[in-house]
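In what follows, chain A forms one complex with chain B and a second complex with chain C.
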Partner chain A sequence: MTSSDKRKGPSPTRRDVLTIGAAGGVLLAAPWIARPALAQEGPIKIGFPVPLTGPYGSEAQEQARCAQIAVDEFNAAGGLGGRMAELLVRDDKLKSGEAATRTLELIEKDGADFICGSLSASVQLAVNTVCAERGKIYNSISQSDAINEAGNFTKYTFHEALNPHMTAGAVGHHVFPDSGKRVAFLIADYAYGHEMARGFKVAGADYGIEVVAEVTHPLASKDFSTFLPQIQAANPDVLCLCNFGFDQLNSLKQATSFGMKNQMKMIAPALLYNQRRAGGADIYSGVVGGTNYYWKLEDEIASAKAFNDSYRAQNDGAPPSDYGAYGYAGVGVLLDAVKSAGSTDTDAVIGALETLKYDKYKGQQYYRSCDHQSVQSVFIIESKDEADMENEYDVFRVLATASADEGALRSCAELGHG
Partner chain B sequence: MRVTSTKSSPNLFNRLAEIIGRYRVLAVLVVLLIFPFVLPYQALAANILIYGLFALGFNLVFGYAGVLSFGHAAFFGIGAYGTGIAIVHFAAPWYLAIPLGVVAAGVTAMIMGALAIRTRGIYFAMVTLALAQCVYYIVYQLDGWSGGEDGLTGVTVRQVDLGLMHFSLFNPTAKYFFILAFVAVAIYVFSRILASPFGAVLEAIRENEDRARACGFDVRLTKWIAFVISGLFCGLAGALYAIHLSVVPIEVLHYHMSGQVVMMALLGGMGTFFGPFIGATVFLLLEDVVTTLTSHWQLVLGLVFMACVLFFPRGIWGSILRWIRP
Partner chain C sequence: MTLNLFLLQLFTGVALGSVFVLLAIGLSLIFGLLTVVNFAHGAFYMVGAYVGVFLLGLTGNFWVALILVPFVVGAMGLVVERFLVRPLYGRGIDYPLLLTFGLGLVLVELVRIVFGLEGVPFDVPDALQGAVNIGIGWFPLYRLFLIAVTIALVVGLWLFLEKTSFGLIIRAGARDPEIMRVLGVDISRVWLMVFGIGTGLAGVAGVLSAPMTSVIPDMGTSVLVEAFVVTVVGGMGSLLGAVVAGLMVGIIISMTALFYPELADLAMFILMAAVLLVRPQGLFGRKGLMG
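Our next item is the complex of A and B:
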């Protein structure tokens, strides 16, 4: 600044401009210059973008906790020849644009080796595009039919979660044979709702169901009083609730108060553990649905017991939820594949994932080779009455298990895989 | 440094402000050139560029013409979808896809402007909001073209070939400078528009609409043209957004987006040249940093925004300008 001390001219001189510019430049560039060079052989990094804030926040927090358990187990077992794993959780705010930005951050800045996560159909498609372009493996842990279709699928795409076709199909095959044939649909007007309804209809075709009403409602409706009477008027035997989260809770609550449970059987494709606990026994009592996991499976499945015990040890004895388990399995299977491949090289890990038979928490699973959908069992559950519950976590009764079978999926040809 | 500034503080700051004011385009560009090396990561820097341009375009209507539009998400979104659809469905190269998105946004602005410009004040805000929601639902329903709820995926531009120059857009720094090239031209054009007689008429309308009319200016036409120009800038921002993220989510058309750009312009300082960029920078940087610290990021952002509205009603840059030029 000495130069400007000496000279106090009335108007800015070129030297002033240069001095100020240079000083500003150095100041701004300092943090960049000081940034330490990245180590070549750092930890194995798994990026985990999930909607920590927003309507699915509690579900996402739980997914992150469960994913961390998978990482801790991998590290406790010595990692990959001493190379440890690290979980990088990012908030995608349940928005595709934010998720894409966060995924770019994870890949470009943090140098993530793999990406796993997201909790909505549209967000996972955005993350999938970004990962596929940059040749990173992405393991999706929320429901979607579209992600396995030829238009979106790439060799980097893996889908650990159930998809609507499997879930609704399993529930439909369980319910439709013994119920009346008149079926009504309440559909949340977005991809998930329509995919679920399609899954029910495909399953129902085998039993000759008759669709008597098909009512769509906007996403995140508060008031269902205009939709439910249309369904009551059609007088169905079964009502399929093809909606999710609070939509499911609110529509069930109002249907119960309308006395619809006495008139028809209620089925929900994905019956969620956390939603049921938030809603209470009365609203959900008697509702039948499907799930990827319920903690009581530990009575029969050893891996479920092991997973529950690790989770309980960290969470005051509370068992994990169904979506939480996806987080555990999604990250866990990636690390299993790293171990079996003996490296983090993308193609080697893809090869390992394609051949892996794994049992992380619910029995045997594997990825189908044409579309990388995880072939796994679907559990049919019914919500218990208050009186039948042994404790606050004992909310469902497992009625049946649709075992892991490729026949439950749409065929590779149907999905457009040549 | 401190000694110097107390001795000649008004002088030095005044001179600094004068330099920046005179070479405003250059000043923005200098800052933007070193930007990607200062910010936490390049994808965020590119987002700031894009949102800054969006806010800049919005500011033409809001800050200079003095009408509050709540429908600018429509132009940003149509720009993004126009470019995205050209690339995904017609395999158009980027140099055709981007102008296409901009023109599509301009046409949307012409139609929306023609319908809305006769109203004023809160009615104008409401009409633009309603029209933008119409655009949202039209795009939402055309899921064969737009992907509907799932958004448009696969807007991939891998390689840019400019005669002698070849670079991959998967290199984050190269992508930043690719986007910056467009933003730089846009800023220059914007600066020229403001400096033109047209820009002066806009400010005259903002200050006193009746007087501007009495002076013989066609107020309605001027506002409409400003609205369309603003739509073009926002459309360019949208087009760059599509290429930056390689997806176009339906949320770009949501009214939340329109609200966000109002916040950015207010935060930075409406009616100032640098305000929108500063607003976008502060908003996105704060959101990014706070999100990694706490899941209650909305609370922190809300408090900051409230503090700005209460104590710095002129926005960050507006307050600085007032402070250095009492």
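Our next item is the complex of A and C:
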């Protein structure tokens, strides 16, 4: 913009040169005035790399939609003293290499001030590394929390989403006391799956569960039939489905067709709203799981109502999903911190995030100081049967709430923080 | 490890293989007769599932959808052959390959625009719900049905090709299209039909898979890879090869899942590499078809 302005028009007259020279002199002489003024130019850019295509595509699209709402709200409220925010959505294709490249481009080429996004453990690690190297804040909205461990954590790392320990722990503490003790695991063979299984086992140890089968499947499997007979043969009381996205739906669909629901209770650490809607009531009937958010919370939580209403206004009255809400909160809290810091300066915003007590959509949250994990509540939900549904969006019933509590997290020492 | 578990796992592999068989015979048929490497096959499979969803919503009847889908998708195949593939005959094998590759991307994108990225529910029809005890353990009734349909289709196709006069023309046309032209046979009509049948089979495979997996625009992508592996292992252009290799791949995937799940994804590629080392034309393939 500025360079093209300079070029148009006739060649500069002597007076112009003098004026420009004088102005330049003032600029050079007073950098403490000029620099901040230059930095405030242009919009606040938030890079948002998520896997728009691939097995988690439906969750990622939703995250992008919700993140945009957070940006729109920030702008509607006047931005940062008139400076607007802008969301730059990129497809990381659920590949760490792709995500690293996109993130680097976002920072170097597009001039992103903050990065928020990703939906898988390895991708998140890659994005975290790039952001740490470039000194940009990264707020992760993926469950896996390897980035919060001392080896990967830097001051730029924030984790807005729940983590497997919290989610599986909450579900385990709810289910295991009243269920049989024979527990089987179907695990997507990557960090998320194994972390979830570990969360269940830690919770289950208190109730003396016995692991009778532990079957891993490749990420994004299409057919689970080959993994199911082993689980059937082990004859468990509970089957923990430690997988995500379409994997969750497909494995549940096929397990149901094998008649396994009659033999065992099925639980999923993160019981997904989108997949439940895509799968239908029959397949999910009786399944219990955890979630960061379910839109019906609006009956009790004011911020949930406000978020739902913004989303509904743009989406023909449909409520937002659990993972969508992560996108909203992840970007929203960054912008809140920018406002409270009064600048986009990285260290100032980090300071603001560390002290922020925020309620974007589900009640009070804050980032734990040692690892920047967002301390928040987990909701235990059960899928409703067709007959009990009031409308097509009314798919879950909230059974219990595990309230925001640092005790539900792995301790700072466990994560290696000194 | 009990014998029953082993047998059940084997049987699971057969059921899994039958989807591969359905996919591969369509692909193999088109290649064997037209020497068109159809990269849009996975997309037609996906379209089959979505047409099934649409027809199911319209009629509420799975059986009507199952019967109509191959005709709808097959008709699309006819249009594609007539207006897109036909102008490329005689221009070398890579032209139709690139065309169908692009067509596949376009179809996926169109479906994404119309139906969205979210999965669409598709339940197992009531009559086929639940599991039955097959003596060695419980097995989904729907997968038994799938095996039966595959057998019926393969036998039907074989009878059509071997015992009818149109089948005779198709087989002769595959050997030497020039002579057939000289004999006064409209060979382009034959090719049109074959392409339609091949895509129709992909459509059937799609609608049959819909109740087992999620109906999403990307569903054809991974399936295309599997279909090609099966076709290459069995021999490009060989129906018998497609059947044998389809079942083989299904069983191998199933057995690896039981004994060494880390390799479940790779097993079929290892099989393919091994077969290609020993028999570059595939198990039942003719030599020099790609030339």
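Here is the rule we go by: the second predicted complex is superposed on the first by the 378 of 418 C-alpha atoms of A that agree within 3 Å, B and C clash if a C-alpha of one lies under 4 Å from a C-alpha of the other, contacts with A are read in each partner's own complex, and residues count from 1 in each chain.
The rule is short, and it goes like this: contacts are C-beta pairs under 8 Å (C-beta built on N, C-alpha and C of every residue); 3 or more make two chains touch, one makes a residue touch a chain.
Remember, predicted model here, so these are calculated numbers, not experimental data.
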item	value
Which superposed partner A:105 touches (first chain B, second chain C, both, neither)	first
First (chain B), second (chain C), both or neither touched by A:278	second
Touching partner for A:344 - first (chain B), second (chain C), both, neither	neither
Which superposed partner A:53 touches (first chain B, second chain C, both, neither)	both
Touched partner set for A:191, first chain B, second chain C, both or neither	first
Chain B versus chain C as contact partner of A:291, first or second or both or neither	neither
Chain B versus chain C as contact partner of A:97, first or second or both or neither	first
Contacts of A:308 with chain B and chain C, given as first, second, both or neither	neither
Those residues of chain A which chain B touches in one complex and chain C touches in the other	52-53, 57, 61
Chain A residues within the chain B interface of the complex	1, 4-5, 8, 11-12, 16-17, 20-21, 25, 28-29, 31-32, 52-53, 57, 61, 90-91, 93, 95-97, 100-101, 104-105, 108-109, 121-122, 125-126, 128-130, 133-134, 146, 151-152, 190-191
Residue numbers on chain B that touch chain A, as the complex places them	1, 4, 8, 11-12, 15-16, 18-19, 30-31, 34, 37-38, 40-44, 47, 148-151, 153-154, 156, 158, 170, 172, 241, 245-247, 249-252, 291-292, 295-298
Residue numbers on chain C that touch chain A, as the complex places them	2, 4-5, 8-9, 12-13, 15-16, 117-121, 123-124, 129-131, 137-140, 142-143, 211-214, 216, 218-219, 222-223, 253-254, 257-258, 261-262, 264-265
Chain A to chain C touching residues, read off their complex	52-55, 57-58, 61, 189, 215-218, 220-223, 225-230, 232-233, 246, 249-250, 253-254, 257-259, 274-275, 277-280, 282-283
